[in-house]
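Data first, discussion second: the structure below is written as C-alpha cells.
Going in written order, the chains are labelled A, B, C and D, and every chain counts its residues from 1.
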Amino acid sequence: MRVKELHKATESQEYFVNMGPQHPSTHGVLRLLLTLDGETVTKVEPHLGYIHRSIEKMCEKDSYQQIVHLTDRMDYLSCHMNNEAVCLAVEKGLELEVSERVKVIRTIISELTRLSSHQLWWGVMGMDLGAITSFLYGFRDREMITDIFEETCGARLTMNYNIPGGLMFDIPTNFQAKVKEFITHFRKKLPEYDQLMTNNIIFRNRTEGVGILTKKDAISYGVTGPSGRASGWSNDVRKSNPYSAYDRVDFKEIIYTEGDSFARYQARIQEMWESMNIIDQLIDNIPEGNYQEKTRAVIKLPKTEIYQTVETARGELGVYINSDGKKNPYRVKFRSPGFSNLNALNTMAKGGKIADLVTIMSTIDLVIPDIDR
Amino acid sequence: MKAIINYIKEVLSGVKTLINGMKVTGYYISHPKEIITQQYPENRDTLKMVDRFRGEVIMPHDENNEHACTGCQACEIACPNGSIEIIQDRILNEETGKKKKTILKHVYHLSMCTMCNLCIPACPTDAIIMGQGFEHSVFDRSKLTKVLNKPGSKLRDGVEE
Amino acid sequence: MERIELQNKINSFGVEVTFAESEVPTQFLTAEVSSENVHALISELKNNSDTSFDYMFCQTGIDFPEHIEVLYHLRNTQNNSEIVIKAKIEDRENPSIDSVFDLYKTADFHEREIFDLFGVKFNNHPDLRRILLDDDWEGYPLRKDYVDEVNIVEL
Amino acid sequence: MKFDIYDFSVLTASIHKSLSEMMSETAVMITEMVIVGIIFLTLFAVLGLALVYAERKVCAFFQQRLGPMRVGFWGTAQTVADAIKLLLKEPLMTKSADKFLFNLAPFIIIIASFMAIAAVPFALGLQTLDLNIGVFYVTAVSSIGVAGILIAGWASNNKYSLIGAMRSGAQIVSYELSVGLSLLTIVILTGSLQFSEIIESQREGWWIFRGHIPAFIAFVIYLIAGTAETNRGPFDLAEAESELTAGFHTEYSGMKFAFFFLAEFVNMFIISAIGATMFLGGWMPLHFGELTAFNEIMDFIPPIFWFLGKTAFLIFIMMWFKWTFPRLRIDQLLTLEWKYLLPINLINILIMAFVVLMGWYF
C-alpha cells in the first residue's frame, strides 16, 4: 500500500506547451500542441491554418494563366516546380506539346530552385540546431541562384516564370555562363557544408537515430521527397513519372534506409550534388526553339480531369484539375507535400526530447504556406 | 583495455571534427575580403537592377507627353487580383464626329500587385512595362494607388491601327 | 498491371463498382463506387496481394450540384500502377462516408481537410475536427453554394 | 623585474595614505569601498558595451557580414544606443508572475558576477580582494548565479522559462565540477589558492607551457566547462532560442533583460580572466626561461595589457565556439560532463599529482 502511494507521489505529470504560432523554429505560423513529460515529448498535435488563404477556392474563379502565379505563394521555396506542375497539367489538358527548349530550360530552373531550397534548408537546419553561422553560409550560396533568377525572369522568389505553353521570357544571353559560374562556385562550397555540419560530432549526435520513420509508415503517411527517400522508399517522381527533360538526364535517386534525421539530412545534401549533375548535363545543350507556344488568350480546357505530379524540393506535389469546359477550372486540388509530411510528425517525434522535435521539424523541411495553402 | 582505447579514440575523433568545423569559420574571419553583404543606402549610386526586374508597372511617356494606352482593358482582365482599374469615357472626336473610347485614368494599385507580369504580355500596344523601381515604402497607404498616365497626356498617334 | 486486367480483378472482389467510360482515354483507371462500399473496396485493393495499392497520394472532395464526390488516388509503390476511386455521396445536406484512416494514415489530415472544406463526415475517423479553418467557422467554403460577402471579393 | 615599474600598488597605497590623513579609519574604509564599487559599476557598463560590440562584430565576420555599421564609426556607438533603448523600454511583467522573485532574479545574477569579479587580478597590485582562498572563492561565488536563473524561470510562470531554468540548473551544477577540478590541476602545481601567488609562480613561464600535457588538457576542459557555465553556445540550452524561444528570460524586457544580458557577458569575462590567470599567467608577461633579451622586451608591455590581451583571446575562442557549433541536447550535455569531462579530469589530476611529485614540470 505504501509503495503504491509512494509511486503515485513520484509519478510525473504531463503538461501541455503551445509551440507556436510565433516560435522561431516552426518556420512560420504553425502551432504545435505538445504534451510533455518533463523534457520528453509524448504527443505532438499540429494545428494548422494560420495562413490558409483558400488558394483552391481562388483558383475556381481564376483563368488558367492566373492560377500559376497563386502557386508561387504555396511552397515559395520551390515556386518554379509549383508553376511547372500547373502548366504541365494545363498543357496536358490542351494536348499542347511545348518545344524541347522549354523543357530543358524548365528542368534547369527546377534544379536550380531545388538547390536554392536545399541551401536555405541547410542554413535553417543549422540555425535550428543552434549553429547560426550556417544560416548565413546557406544564404550566401543561395544569393547567386536568386541573382540568376532575377536576371532570367525579374523576380527572386515568387518567379512566375512558367505560363501554360512555355515560359514567360527567353533565357538571357549570359544565362549559361552564370549558371556554370555558380556550379563551379558551389562545388567548392558544398564540401564546406560537410566540414562545418555533417561531420561535426555534436551535429551527428543530435541527428543520428533521432526521429526514425520506418518505410511502412512513410508510405502510409505519404511522406514523399527526400524525407520519404531517407526511409528507403523510392518515390522520386522524376524517375517514376518523368516530366519535362528528366527522361533524358542521367541521375541517381538518393535513397537511405535508416529513416532517421541524419538520413533525411544526407538525402538532401546528396540531392544537391545530383542536382548539379543534372544541370551539368543540360546546360551546354539547350536546344533552339520557341520559348513559348501560342495559346489562346482565354484558355478553355475540355471537359476532363487531369492529375499532374512533379517533384518539388519537399516531395511530390500533385495538381488535380477538374474542368467542366469553361474558362475557369471547376475544382483544383493541390496535393502539397508538406501537408502529408507534417502528418507524420507525431510518429517521428514521440518519445524524443524537445530538442529532437526541433531537429525533426527542420529535417522534414516544412514550408508553412505549402501546408496551409 | 580495448574499451579504454576506443574511448580515447572517440574523444580524439570528436575533437578533430570540432576543430574541422572551427577551421571553416576561422577561414572566413581571417578573410574579410569574402564579406558578401552590401551597405544598401550607401551603395545606391552604383546599385543597378537587372533589366527584367519586376518592381512596379509603369507607363512610359515620350517627350510629347504621349503614351500608347488605348484603354482596351486587356491588362485589367489579365490581372489576377484587380490591381489595375481603367477609367475611361466616350469622347466625341470632332474630325469624324463619332464618339470614341478614351482613357481617362489608368489606376494601378501597387499595394495589391503581386508582380506576376501577366498584364505586360496582355497589352496589345506595349503601353505598360515593368519598371525597375523597388523603393516603394510610403507612410500613407493611399499613396500606393497610382495613376499611371500623366496628367494632360494623350494617346500617341498611330497606335490604334 | 494492364487496365483491363485490373478491371477484371476488381470486378472479382464482389463490390459493386462501375468503371467510367469516356471517348477520350482518362489518365487513370477510374472506378466509381457508392459511399457505402468505398471502404470495402479500398480495403480489398490495399490488402489483396495482386493489387496492393499501398500508397494513397491524394484524397479530394468535389462538390457537384447534385452530389459530393470523394476521390481517392491510389498507387502501388511496387509497380507504380495507379487507380482513382470515386465515391459518390448523394446526400448533400448530411454527407457521410467511411474513413480510410485505418488503411492509410495520411487520410488523417486529408479527411480532416475534406471535412473542413466540404463538410463530409468521415465515420470512424479518430479526430475529426476542422483543420485549416477556425473551429467556429460556419459553412463549408469549397462548396459551390458557399457565400461569404466579407471574405470573398468578386473581381 | 622590469614590469615592477607598472605596479599599481604604489598608486593604491598613495591613495590610501592621503585618505588616511584626511579621515578616520572607518571613514577611509567606507570611502574606499565606495570608490571601488563605483569603479566596478563603471567597469561593468564598459565591459558590457565593449563585449556586446565585440561579439556582434566577431559574429558578423565569422558569418561574412559587416555587423553594425551605422551608429558611429564602424557602428561603435551601436551598443550605447542599444543600452539607451533598453533603459527606455517598458518593464513588462506577466500578470501571474511572482512579483518579488521576478524582480529579484536579475539582481541575484548581477550580484553573483559582481562578487566574482572582485577577486580577479587585473594587473600587478590591481586586485580588490586577494583572498588566500581566491580560486575557491571564485568557484563558489560564480555558482550563485544559477539561483538567479532558477528564480527567474520559476517566477516568470511560463513553461518555457521553467524548462530553461531547470536545464540551466542541471547544467551548471554538473559543469561546476569540471571547472573546479580543472582549476585544481593548477592548484596542485602551484600549491596555493591565492591568485597573486599563482601568478607569481608563473614568472618563469605560464603553466600551460610548463605543466606539460596535463595542464593543456585541464585548459581545454576548463574552456569547455567555462563556456557551459556561462550558458553560452553551444551550451546555451537555458536560452535555446530555437527550442524555448528565450528560455529563462522569455518574460523579461527592458532593463531587467539587460541585466541578464550583461551578466552573461561579464561572466564570460570572468571565466576568461580566471582562465588567463590560472593557465596563461594572468598579467605576467610572456617569459621563456633563459631568453633574457626576449623576456626584457616583453616586460616593457604593461601587465594590464597582458591581462586584457589574454582575456580577450579566451573570449574570442569562446565566441568562436558559439558561432561554429550546433547546440547540444540536454542529455548529451550531461553525458559530455559525466562520461567524458569528469573522468578525463580526474585522471588528469592524478597524472598531474604524479608529475608534481616527481618534479617533472619545468
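Everything that follows uses one rule, which is that contacts are C-beta pairs under 8 Å (C-beta built on N, C-alpha and C of every residue); 3 or more make two chains touch, one makes a residue touch a chain.
The shown structure was predicted, so the numbers you read here are calculated from the model rather than taken from an experiment.
Asker: Between B-D and A-D, which chain pair is linked by the larger number of C-beta contacts?
Answerer: A-D
Asker: Whose C-alpha centre lies nearest the centre of all protein C-alpha atoms?
Answerer: Centroid comparison flags A as closest.
Asker: Calculate how many whole Å lie between the centre of subunit B and the centre of subunit D, each centre taken as the average of the chain's C-alpha atoms.
Answerer: Result: the chain centres lie 51 Å from each other.
Asker: Could you give the separation in Å between the centres of subunit C and subunit D, each centre being the mean of its C-alpha atoms?
Answerer: 64
Asker: In angstrom, rounded to a whole number, how far apart do the mean CA points of subunit A and subunit D lie?
Answerer: 45
Asker: In angstrom, rounded to a whole number, how far apart do the mean CA points of subunit B and subunit C lie?
Answerer: From the centre of subunit B to the centre of subunit C is 41 Å.
Asker: For subunit C, what residues touch not just one other chain but two or more?
Answerer: 155
Asker: Using the touch rule from the top of the page, what residues of subunit B touch 2 or more other chains?
Answerer: Within subunit B, residues 18, 21, 24-25, 36 contact more than one other chain.
Asker: Which residues does subunit A have that touch at least 2 chains other than itself?
Answerer: Residues 133, 140, 196-197, 200, 202 of subunit A touch two or more partner chains.
Asker: Could you pull out which subunit A residues touch subunit C in their complex?
Answerer: 48-49, 52, 54, 56-57, 61, 92, 217, 219-222, 224, 233-235, 240-241, 302, 304-307, 309, 316, 318, 320, 322, 330-331, 333, 335, 339-340, 342-344, 372-373
Asker: For a test of understanding, state which residues of subunit B touch subunit D in their complex under the given definition.
Answerer: It is residues 11, 18, 21-22, 24-26, 28-29, 32, 34-37, 39 of subunit B that touch subunit D.
Asker: Residues of subunit D touching subunit B in their complex?
Answerer: 58, 61-66, 69, 320-321, 323-325, 340, 344
Asker: Within the complex, which stretch of subunit A touches subunit D?
Answerer: 15, 17, 23-25, 39, 126-133, 135-137, 140, 196-197, 200, 202-203, 205-206, 353-356, 358
Asker: Touching subunit A in the complex: which residues of subunit D?
Answerer: 59, 62-65, 159-160, 163, 167, 233-234, 236, 240-245, 323-332
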